[in-house]
Amino acid sequence: MTIGLEHYLVLGAILFAIGLFIALSKKNAVGVLIGVELMLNAVNLTLVAFSRFSPAEIALSTQVFVVFIIAVAAAEVAVGLALALVVYRNRQTISVDRTTLLKG
Amino acid sequence: MPETIFWVILFLPLTAFALAGLSALNQNLQRQLPAWNPRYPGALQPLADQLRGPRLASTPLIIALAVAFALALINLIDSIGLRGLPLEIGAHQLFTAGDLTVNLGVRIDGLTSVMLVVVTGVSLLVQIYSTGYMDGDHGYRRYFAFMALFTTSMLGLVLADNLLMLFAFWELVGLTSYLLIGFWFHRPAAAAAAKKAFLVTRLGDLGMLAAMILIYSRTGTLEIAAINELAEHGAEAGMFAFNGLMIGQTAMTLFGLGLIAGAVGKSAQFPLHIWLPDAMEGPTPVSALVHSATMVAAGVYLLARFFPVIHASSTASDLIAWIGAGTALGAAILALVQVDIKRVLAYSTISQLAYMMFAIGVGGYAAAVFHLMTHAFFKALLFLGSGSVNHSTNTFDMRKMGGLRLAMPITFLTFMLGTLSLAGIFPLSGFWSKDEILIEAWDHNKGVFVLGLLAAGLTAAYMVRAIYMTFFGEYRGGEEAAPGEHGNPDPSHPHESPRSMTTPLIILSVIAFISGFLTFGGEFQTWVYGALPEPHAGKFHWSWGIFLGSTALALVAGGAAFMFMHHRDRVRSWGIDGSSTIPAAQRFATNLFYLDALGENLLARRLFYGGIARVTAWFDAAVVDGIVNHAWRGGLTVASTARFVQNGWVQAGAISIGLGGMIIWIAVVLF
Amino acid sequence: MLSDVNLLGPELVLLVVGAFLLIADLFVAQRRILMGLAVGALLGSIIYSAVLLSEGHIGNQAFGGVLVVDKFAIFFQILLAGAAMAAVLVSTETLQRTPSRRGEYLALILFSTAGLQLLAGSRDLIMIFIALELTAISQYVLVGFHKDRWGSEGSLKYLLTGAIASAVLLYGMALLVGLSGSTNLLEIANFIAWQGDGRQDALMLAAVFLIVGFGFKAAVAPFQMWAPDAYTGAPTPIAAYLSVASKAAAFAILIRVFFEALGDDLLAEHWKTIFAVLATISMFVGNFFAIRQNNIKRMLAYSSIAQAGTLLIGLAAISADRSELLGASGILFYLAGYTVTNLAAFTVIILVANQRGGSYDIRQYAGLGKRSPWLALVLALALISLIGLPPTAVFFGKIYLFETAVQSGLAWLAVVGAVNTLISAAYYLRPVKAMFIDAAAEDEADAPALRPSNSVLATLSLVTAGVLVIGLHPGLLINAAEAAVAAVFS
Amino acid sequence: MSDFGFHLAFWSLAAMTLGGASMILISRNLIHAVIWLVMSMLGIAGLYLTLSADFIAVVQVLIYVGAISVLMLFAIMLTPRAERDNAQTKATVPAGLVVLLVLIATLWVAIDTDWGTVREAALTEQARLIGESLIRHYILPFEIGAVLLTAALVGAIALARQDDEDVAVHTASLQAELDGVDSTDPADVIDPPIPSGTSGAARTDQDVL
Amino acid sequence: MDPGFPVLSLLIFLPLLGVLLIALLPGKHTPTDWLVQNAPGNQVDYPKWLALGISLGTLLIALVMFILFDRSVAGFQFVDEFDWISAEAVGFNVAYAFGVDGLSMPLVFLTAFLTVVAVLVSWRVDLRTKEYFAWLLVLETSVLGVFTSLDLIFFFLFWELELIPMFLLISIWGSGNRNYSALKFVLYTIFGSAFMLAGFLALGVAADTFDIREIRHDALAAAFLPAPAIFAFILIAFAIKLPVAPLHTWLPDAHTDAPTAVSVLLAGVLLKMGGYGILRLLFTLMPDVAADADLALAIIGAVSIVYGAVITIRQTDLKRLIAYSSVSHMGFVLLGVSALGTTGMSGAAMQLVTHGLITGMLFVMVGLVYDRTHTRQIADMRGLAHYIPLLGIGMVFAGLAGLGLPALAGFVAEITIFLGAFGSQTAPVSIALLGVLLAAAYILWALQRTFFGPKDEKWAHLPDANHWSEYTIIIALTALIVLLGVYPSIVMDLLEMGVAPIAATVEAAAASASSVAGGG
């Protein structure tokens, strides 16, 4: 058999799942961010796969999409880390199950 | 006679009511606002005082009643001229609602004319009497206001030409009776008695109300004449049908029964008689006018009015005949054991009304009305007499009286006449009317006749007993006037009442003597028959047998009672209490056959109030309202607990996002 | 290309001024000037939108179909700019508290507003994504702008959940692109119309992921949990801004995507059910969670979730052919009414909080009706409007939305919504009761009346007038909303 | 590239990617987690190459491996050791459930759907094409993206730098307001009273008639 | 008739104008000489004088309309209308349309009259008078709006508008557990209007208009909801407002805790909105359903009558007692309309008016007594008539009117209902007859326990009615009650005009339905 679109999609799906699991289950804020990054990469992988297995003009726009996603991901991480820093200054912790002043 | 006259008759007392009412209000306002009562320049001041004085309440009423009485007499004469046939008088539309048209109109025929005379006459005398009796009472003006209102309503009742109007005034007399019984509302007994009277009669009125809406929904009319014609016309194949109106036999019977219920309530017949004795809490003139002469007779009047209806169904006529007979006897027995003179008279009233009732039942229409009239006079007389006695002894308890015949001769004599008349002694009015009834009963219903005869005998007995205890023997000192109420300051020396009170007594006793003679030649009957759809000349009944029998019985019973009372000490030495024959029977009787206890205590208080009402109220509070409150509180609990779902974790939010999304997708894919 | 730039005007003004503010901050110290600049920019944006409307550029596509200028977009541009302006005008206190970062604060507000405006006008998945992220990132920062414990925590939660949500959204977009082979909404619609069937599951998954992403922005249950925390932690003007602006934009984009791209009939049936269910959940969740709040800010946060649910009724109704116009215009109308109402409420709350040393406890409002009756009346009016009682804006919004529900055969949804009105009354009336019925505590009995600054007073009178005018003469706004949605549904 | 080589490349890269990802999941130390992340990223970059998306692959390596991971490492370094553990929260099970659902859904869609794929020659000179479309067709997103980065930059700075002249806003009472669930005063408008169970029932039995 | 200028709008919005004036003018003021004796506390409240003036003005307008009302032509008069919302594309059109017909005219007058009474009875209120009288006037406007709207949306608008003043009036100036009662009132009403709104919208959508005059019931075939469902939805709201068991429990609480004036308005006019709505909307717009639902309505009515009366007997709080008696009395309304005939409906409408006056007066009297005794517990009162005879007379009069005494207003209504309904609803009417007896029982017993009986020195100091406002109220109410009792036509004719067309539609619908049934 040949490696086709489905392989990449499955791979992306699994990667997305793992990323989601990390994001949903990690105590540490940075850990959650890592999970998010994985999810984004999964999306990118999916997109690139699509671009490979589709006509040229589409291929292009999808790849552009990927570029944007990567950029945005970087921005998000930057802000996220900054925030984590602020939280740490206030609370001496960045584990999300202890930053629960706001509840109820 | 022009119709206007009758409206005048109706509105004269109403005007008096307005004046008396204003004067009563004025009395209260004066106390409230001193500024209300300024000084006037010299000449006006006496006039102002007059206007503010109590006489503004009574005098106009007496004048109004005098005029009304005169008009009523004139009308009666006219009516005699017409042999009691109804005048042709159209009705005035009061209001309409859809098909319903409510009229205001008067029906003038023999029956009405007689009633008019009776009502205005007795009322007039009673008012005159009251000026003396109520003199100095704080509520003097209120009293006459109520009296005026009562007279108005009573006149309206007898004038009404349609059932709705009749019912309206019927309720109004009930109201005034309520107000008058509770006149001395500071006495708990009076307040309670008033309420009891209103409610018990209203229980009967429900029947009348039902009858009214029934007849309307079936025939679409409320005209008394129309209904009577329909009934008179008779039923073919279970349907009454007459010029366009139709109604089934059953409905007609039900209608009759409803009317009977109303009459039974109003006229205090078994089993709704329990209110009348208590009603004696009211001022005595009230008892004389309202609770013996007129209002209680309204029940009889109603049945007389609808005589054809009652006789359109044997069920109804038999029922009322037996109720009447039974009540006549039972009430007479109860009268025998009372120690309160007014209560004696009250039960006697019940018994006499019962006479009229069974007279109606056995078809003695004219006889009933005749007895109604005579009874009105002599029973009013008796009540006023008892009032006169009370006026000087401050009590109604016969055990505290005695020997008054010397101190109060006029009262004694008039009371004596009233008694003889009531006992049916020849040739007083009571004799004629009672004999009429007994003859009717003998002709139509032997069983009723027997009961009636016994009752007649007992009547003589209890009256003689009352007379003896009151006027014979030695005086037993009366009673001190209750604090805060006016009365004879020195009851130990009884004295004759003022002329304002004795005059009516004399007049009434005269009437009580002679009014019986109207029956000669059946004249009276003729007028009254004129009121029926098929008028026919009345005739004068005479039966030696019944004459002798009843008279003898009365004399024997009376004599026995007299001897009994006279030699009370010896009788007591036989081990029997003076006031009765057999102790057990006495207890049974003094407890009013336990009917009061049953009706008031058991049914009303325990069963309804303590049972049904309590459970319903609990249900309403705990269930109907409870559900709401519990739902409410439940919502708040949900809100309080729900908040902990929001536990502040980032992942809680994220998980709910993922879960929500996936659930949606699965749902979409599956369905 | 230049003409395209012209079409971009409203957003461009904001972006440029925003960028300028960042620099100006370094030299200009006076708060007023900076605020003036920001307000001026927003005014300019509004005016520019109006000009575009009048010059009849309606329906023009810009930048190769990435952006479209239709009445729909312009309606939202004006609404969003207005909301942002109110937020800026009431930010005095916040700016005083953060003297060294005024430029950033204002610039970020402008940026996120521009992003939202673009969102309302974008017709391309990439554009949508970028606009969304622009607003998101600016808002993350704004929420945490007071770098205290609560602010930073709320912001962190907003960011992390937001990041996850946008990843999910992206996955959905990716699937959509993969299926349709295009990022343009119209072409996607095209594709679905021709070859949609047989790919239901994938389309649905993509759609669900999109719903998650946008629903997150609109704070629709069950994607709502971030909202209360973010609102509570955020500076109150920002809370107000979030509760109206991002909600509005989210619904704009929901309408665009789901009824411009995915409006195909055989899908629409699904949308109907999904949105109806989501509406029900949101209304109940929002209202029930709000009942027991003592912090009025948080209470309004939950109430905004419930309001989102009410708006979803309209979305659910669109799917029925008879009422698509009605439903969409209902949403727009309701949004406008809700925006002015909520802004009015938040403005008064800010004033009270400033006097009360930053406390948002409802019990703090005891006796306010005595101290400053007019402000109390305004707040009461706003709350009454939020309940949906006359003579106010939301009253008609509700009637209008329920009408759409009934028209599309969702009478049960109308009843659910109306019953939720009942639940909401229970908590909306608490501040009213506190203000007018409870007596103030002894120590505060003689507290001074609130002294709103002129800018606040201006805002307040504007939004209050809005509440009343929309409530008493809704005709104008309804017609505007009609015209706006006609652009999407024809 | 030969078919076998392609297979080998794909499977090994897939293994590398997923392996790295899973290691992030299980590694106890955050720093290690970041290292594993880098590895997984590299794997993905490789996969991009197998998809002959050279440009993206390069960007991937530059930005993720070069920038983001380093950024993360810095951030982690700023926190003490205690904050560097990478443990799971107590919510792992529900999280797993959700993930399982997502996985099923995505896999199902990935495999089941007919994606109508075409296999053409890969794009050539992608860098130029992408660049062109960025300044032509996607000029607006590109510009906005720039703004976005600015905003992120500004925001990050605004958050991260210490501002001493800031004035605290929230009062301490805030926490009480947040925590107190039922601290609402009993006379509160929304609290119904305990129903007076027999209102109108507890009565003195005076005479009725 | 058309007076040429929008007199009706003036009537409706004059109170709001008054609110504006009150809001602008100062609250208290040391009196100019001629006001001294009128102003308790040697201070004159501008608000209350303004409120009195405005409400009198409204009453005057209402009176003029009542007189000018053309009794020869059926249909709506004094109609003011113009388009208000016209969203053609989405088919959402609302018209500002107001008008009065025979049914609403008396109710409008009643509202104006009772508002004056309410203002006067509040004469001694001195807590935050400004707001108090302002809210009273707002209440008047909202009620007038309900009685005169010809457009469902406006009907609903005013229906909801009345909540706000009620909530504040009860919970600020009320007594006892007022917050609870106020909120309970609001929540009950909103619950009802939730369904009502759904019903209205369904109607409007199906008929493509919200104009009451144009909605035809045959259009409802196209409704998304089956007509019976719409009917039920709307009925819920009206049943709560009326109220009928088992939706009545808000009423005793609201009444007991509300200030006197509010109790008067609540019993006097707010409850009437329910009955009015049933006649004006349910029976006019959905006659076919109404024709089917008659038995159900009759039974509910009869049950409310008896159930309410039985509970009333157990009450120990005078105000609560009267509140429950209202439940019983409003049952008559349902009974009357269930007859589906002009007679019964006229009776029901009449009951609306008379009950407004009578129960209004009862609450006034209880309020005046409460002002003096500061207790409403029957057990605490005894022999009051000795010390406050005038109030006693008023109370007894009102009570007797309440138990349906002839020559007083209540009798006419009840008897008409009975006569009209017995033919078609025999069994329920027979049950309802019990209510008459029970009414007598609870009223007379209450009177006996409070006003009669021996003196109680505790009350010796009580002042009797001694303020002109009190005399005015008592006299005015008494006069009206007697007038309606002895000359009902003055109102009955109007009401008959109003309900005759309704009854006609219902009968027509019933006939067509039966013919269909016969044909099918």
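General observations
In this document, chain identifiers A, B, C, D and E correspond to the written order of the chains, with residue numbering beginning at 1 in each.
The criterion applied here is as follows: a contact is a pair of C-beta atoms (placed from the backbone, for glycine too) under 8 Å apart; a residue touches a chain by one contact, two chains touch by 3 or more.
For clarity, every value in this text was computed on a predicted model and none was experimentally measured.
Within the contact network of the assembly, the step distance from subunit A to subunit E comes to 2. When every chain is represented by the mean of its C-alpha atoms, the one lying closest to the mean of all protein C-alpha atoms is E.
The chain pair with the larger count of C-beta pairs in contact, out of A-C and A-D, is A-D.
Mean C-alpha positions place subunit A and subunit B at a centre distance of 97 Å. The centroid of the Cα atoms in subunit D and the matching centroid in subunit E are 60 Å apart. Chain geometry summary: the mean Cα position of subunit C and that of subunit E are 42 Å apart. If you average the CA atoms of subunit C and of subunit D, the two centres end up 23 Å from each other. Those residues of subunit C in touch with two or more other chains are numbered 126, 130, 133, 137, 140-141, 144, 147-150, 156-157, 160, 164, 168, 171, 175, 178, 201, 205, 228-229, 232, 291-292, 426, 429, 433, 437. In subunit A, the residues that touch at least two other chains are 16, 19-20, 23-25, 29, 32-33, 35, 50, 54-55, 61, 64, 68, 72, 75-76, 79, 83-84, 86, 96-97, 99-104. Residues of subunit E in contact with at least two other chains: 171, 179, 183-184, 187, 311, 313-314, 441, 445.
Listing the residues of subunit E that touch subunit B in their complex gives 184, 187, 245-246, 248-249, 307, 310-311, 313-314, 341-347, 350, 383, 385-386, 389-390, 393, 400, 405-407, 411-412, 415-416, 418-420, 422-423, 426, 429-430, 433-434, 436-437, 440-441, 444-445, 448, 451-455, 463-466, 487-489, 492-493, 495-496, 500, 503.
Considering their complex, residues 125-126, 129-130, 133, 137, 140-141, 144, 147-150, 152-157, 159-160, 163-164, 166-168, 170-171, 173-175, 177-178, 181-183, 228-229, 232-233 of subunit C touch subunit A. Within the complex, the subunit D residues that touch subunit A are 3, 6-7, 10, 14, 17-18, 21-22, 24-25, 30, 33-34, 37, 40-41, 44, 47-48, 50-53, 55-56, 59-60, 63-64, 67-68, 71-72, 74-76, 78-79, 83-92, 95-96, 98-100, 102-103, 106-107, 110-111, 115, 117-120, 122-123, 126, 129-130, 133-134, 137-138, 141, 145, 148-149, 151-153, 155-157, 159-160, 175, 178-179, 181.
Remark: subunit A residues 2-22, 24-28, 30-31, 33-35, 37-38, 41, 44-45, 48-56, 59-61, 63-64, 66-68, 70-79, 81-86, 88, 93-97, 101-104 touch subunit D in the complex. For subunit B in complex with subunit A, the touching residues are 643-644, 646-651, 654-655, 658.
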